[in-house]
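Heads up, the next two complexes both have chain A, just with different partners, chain B and then chain C.
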Partner chain A sequence: MSAVLFFIAAIGAISGAIGVVMMRNPFYSVLALAFHLVSLAALFLLLRAEFVAAAQVVVYAGAVMVLYVFVVAYVGGGEQLASGAVLRILGPLFALALAIELCIAMLGAGLKGVNSRGAPFVLGFGTPKHIGNLFLTKYLFPFELASILLLVAAIGAVVLARRRRGLEPDEQAAYRVEAPRPAYTGTMAEAAGLRPAGGEEPLKPEVEPVGTTTGDATQQQGDW
Partner chain B sequence: MNIGWYLAVSAIIFCIGAGGVLTRRNPLVVLLCLELMLNGANLALVAFARMWGSEDGQIFALIVMVLAACEVTVGLGLVVAIYRRRLPIDVDELNELQG
Partner chain C sequence: MIAFANVNYFEPWWVQIVKSIVIFAVVFAILPILIVYERKLLGRFQSRYGPNRVGPFGLMQPLAEIVKFAMKEPMRPNTSIAYLFRLAPVISIITAIAALAIIPWGDVQHIFGQRVGLYGIDVSIGPLYVFALAGISFYGIMLGGWASGSKYSFLGSMRGAAQLISYEVSQSLSIVGVLITAQTLSLTGIVHAQRGMWFFIPQLAGFLVFLVASFAETNRAPFDLIEADAELVAGYFTEYGGTPFVAYLFAEYANMIVVSGMAVTIFFGGWLLPFGLNPPGWVDPFVVLAKILLVFTFFVWIRATLPRLRYDQLMSFGWKILLPLATLNLLVTSIVVVS
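The block that comes next holds the complex of A and B.
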């Protein structure tokens, strides 16, 4: 049973990874990565890492993927697949060489544990209780460092992605306040007839002030 | 299943990610491929934790997840900044720091 589940999850993970690399549209790449992450969470469960699997689904497939989807929707656009002809051929060759090298290293390592099914299972292995215990005792320093790193990354992202030159021109026009001028409050030049008076008809503000004419009507209507 | 199978899958995922980083031009997809490489490493870490019967490898995997989240945040911030400046979203054309 576990072998069947392993092969299903492994094929899912690898096909998801291939999809990430091969898809032309970045949006489909993100979706393929989400599929890959869920398959990987199944592999983690088979390795008895419950908490890591749950964190994988919640943090990665949940939060990080949403961030990706938002940025892809904001930036958008499909891209051409490869750069120059050299990297297009050399890249997969390099990846293949790396895969062969890693397989040779693992097969030739002679580690006894690699060819076994792992250590005997202890009850409670990989539960949040054990992980939290380790995080707050043996690995307290990495834990605190990770929280500081998250804070730094959040501030850094805000600083990087913020607007630098104030508002865009049309947005500035929308924010400019055009104050209405009541009648008979003109300038001296207008009083002397040198300039046409601008205060005859007060300019109506674009936004109706709350609580004047229409506001009262709705208040009476909805006052129950 | 032997632990070796899991290590083989993690090696394959890592290599697919490395190939993607080399061949793709869109920085968004390059970031996704970096995620693939980190996930391959994560799978190996969790597999070794299972092999030894201790949870230290899982702690390591969780820290790697935090690192990946930070990297994604900063990377996506950079992509948004590139887009705001109307620069081409293409890692081959953004080569000012290449010297």
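The block that comes next holds the complex of A and C.
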């Protein structure tokens, strides 16, 4: 039973990995990567690493890949970039280097375990309790380091996202469409008398430049 | 033996197969009843009768509908991608059914000389199992919307992606307080830890966050922007008809049963009864079912009461209110438990 499951999961993982590289459409590549990650989770289950398997699916397939799919579905597809001459030579070279490195690693260490019976299974191995204990005792420092790294990344993402909003006021104005329109064809704010009806006077800008966010428009929209 | 069955005793293989068939059959018999129950209830909420033509009190309505859906000609748009279009509802329904396995319907019983746990599996990772499957079930919605090759489907699934990600965080954070208090991840263990007091009393904030996030995770009103019919026709399943549509419908309701079952197990004492009542073991599944039905009724009540949120409201509510609340709840609970 476990042998059958192993081969199903292993074939799934390898075909998924191949699919990531071979697919022309980036959307399919992302899907193949998600399939690969789920297959890896099945392999973790077979190794009795239940928590790692669940974390793999929740974090990678369920969160990271969802964002990938989200972005690729919005902006991906369509035109395909032709790979340049430099990339065409460098790509196989790097692949070859990686393959040699993997071969050295496997031949040097991994193959010794093939004929042995492997490490004995300890009751409670791979459960959240076990992993939590290890995190807070043996691997406390790497664990905290990784947390700080993630925190820095999260804060960095917020800072970058905020900077995107800080366009110059003049630049904002260039994108704003100010077309006259008939009265009472517009917003609820207009119907409620909060905003002047019709196109006699130009509407207030929807998006205020950063720094003057206390304008009337934002207050009328109602914020959470 | 497969690695994720973490029981302290041995269950023969045939017991596991019988259990899975019984859970599947019972829940799938309940789903159509739930659908007609919701429609009747919505009717009462809105001062009308609801379905009342087929059979006594309209109870045969789901039967008629299922026959109609099964008879429909399968069709797909020219712009769709054939195999993804077929695959997407399958992913949705499989993950929904697989998540059912974890709801504990009762304690371990002695049946035919065997010790049988009245649940599909009792895994050591507990709720993470449901979250993992919820993560995969997202692909059912996403692929369904994307492969349909229609703008409305695509927009619906895009909203789904952002919404599911945002609320999954709060949902999983909200139950960590319970896990800390119960000191276990096993759902039966959580129920046993509620013998003195059900967790929704000490974990009220966590319960409320979980409930709200569950509405969003199951795409129910007021968070049903994925299928907002005023703007998106029907969202991600606009192009689906016949049995694939039924697959999506049943997946949604099965997900609601799973979420209700999680709420019952984690916050409402599972099969335990208040006032010192201690019925024999065979009553347990009925207790759980009754509690699930109550939570489901609440779902319908909210659907009939609250209007749909605007999309930016949904997002800022999830990130600016629910997530800090869940984090605060976790923090306070840890301080109380440790000290």
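The rule is short, and it goes like this: the second predicted complex is superposed on the first by the 120 of 224 C-alpha atoms of A that agree within 3 Å, B and C clash if a C-alpha of one lies under 4 Å from a C-alpha of the other, contacts with A are read in each partner's own complex, and residues count from 1 in each chain.
Following the convention adopted for this analysis, a contact is a pair of C-beta atoms (placed from the backbone, for glycine too) under 8 Å apart; a residue touches a chain by one contact, two chains touch by 3 or more.
Note that the structure is a prediction, hence the values are computed from the model and not measured.
In the superposition on chain A, A:V122 contacts chain B only, with no contact to chain C.
In the superposition on chain A, A:V57 contacts chain C only, with no contact to chain B. Counting residues of chain A touched by each partner, chain B versus chain C, the larger count belongs to B.
With both structures placed on the common chain, the touch criterion links A:A73 to chain C but leaves chain B unconnected. When the two complexes are overlaid on their common chain A, residue A:I18 makes contact with chain B while staying clear of chain C. Once the two complexes are laid over each other on the shared chain, residue contacts for A:L46 go to chain B and to chain C alike. Contacts of A:A157 after superposition on the shared chain: chain B is touched, whereas chain C is not. Contacts of A:P92 after superposition: chain B is touched, whereas chain C is not reached. After overlaying the two complexes on the shared chain, residue contacts for A:M1 are found with chain C alone; chain B is out of touch. Shared interface residues of chain A (contacting chain B in one complex, chain C in the other): 2, 46-48, 51, 55, 63, 67, 74.
Remark: chain A residues 1-2, 5, 27, 31, 34, 38, 41, 45-48, 50-51, 53-55, 57-58, 61-63, 66-67, 69-70, 73-74, 127-129, 223-224 touch chain C in the complex.
Taken together, the chain A residues at the contact with chain B in this complex read 2-3, 6, 10, 13-14, 17-18, 20-21, 26, 29-30, 33, 36-37, 40, 43-44, 46-49, 51-52, 55-56, 59-60, 63-64, 67-68, 71-72, 74-75, 77, 79-84, 87-88, 90-92, 94-96, 98-99, 102-103, 106-107, 113-122, 125-126, 130-131, 134-135, 138-139, 142, 146, 149-150, 152-154, 156-161, 163-164. Against chain A, the residues of chain C that register as touching in their complex are 2-4, 6, 123-125, 128-129, 131-132, 134-136, 138-139, 142-143, 146, 154, 157-158, 161-162, 164-165, 168, 172, 185, 313, 316-317, 320-321.
Across the complex, chain B meets chain A through its residues 1-9, 11-20, 22-26, 28-29, 32-33, 35-36, 39, 42-43, 46-47, 49-56, 58-59, 61-63, 65-74, 76-81, 83-84, 89-90, 92.
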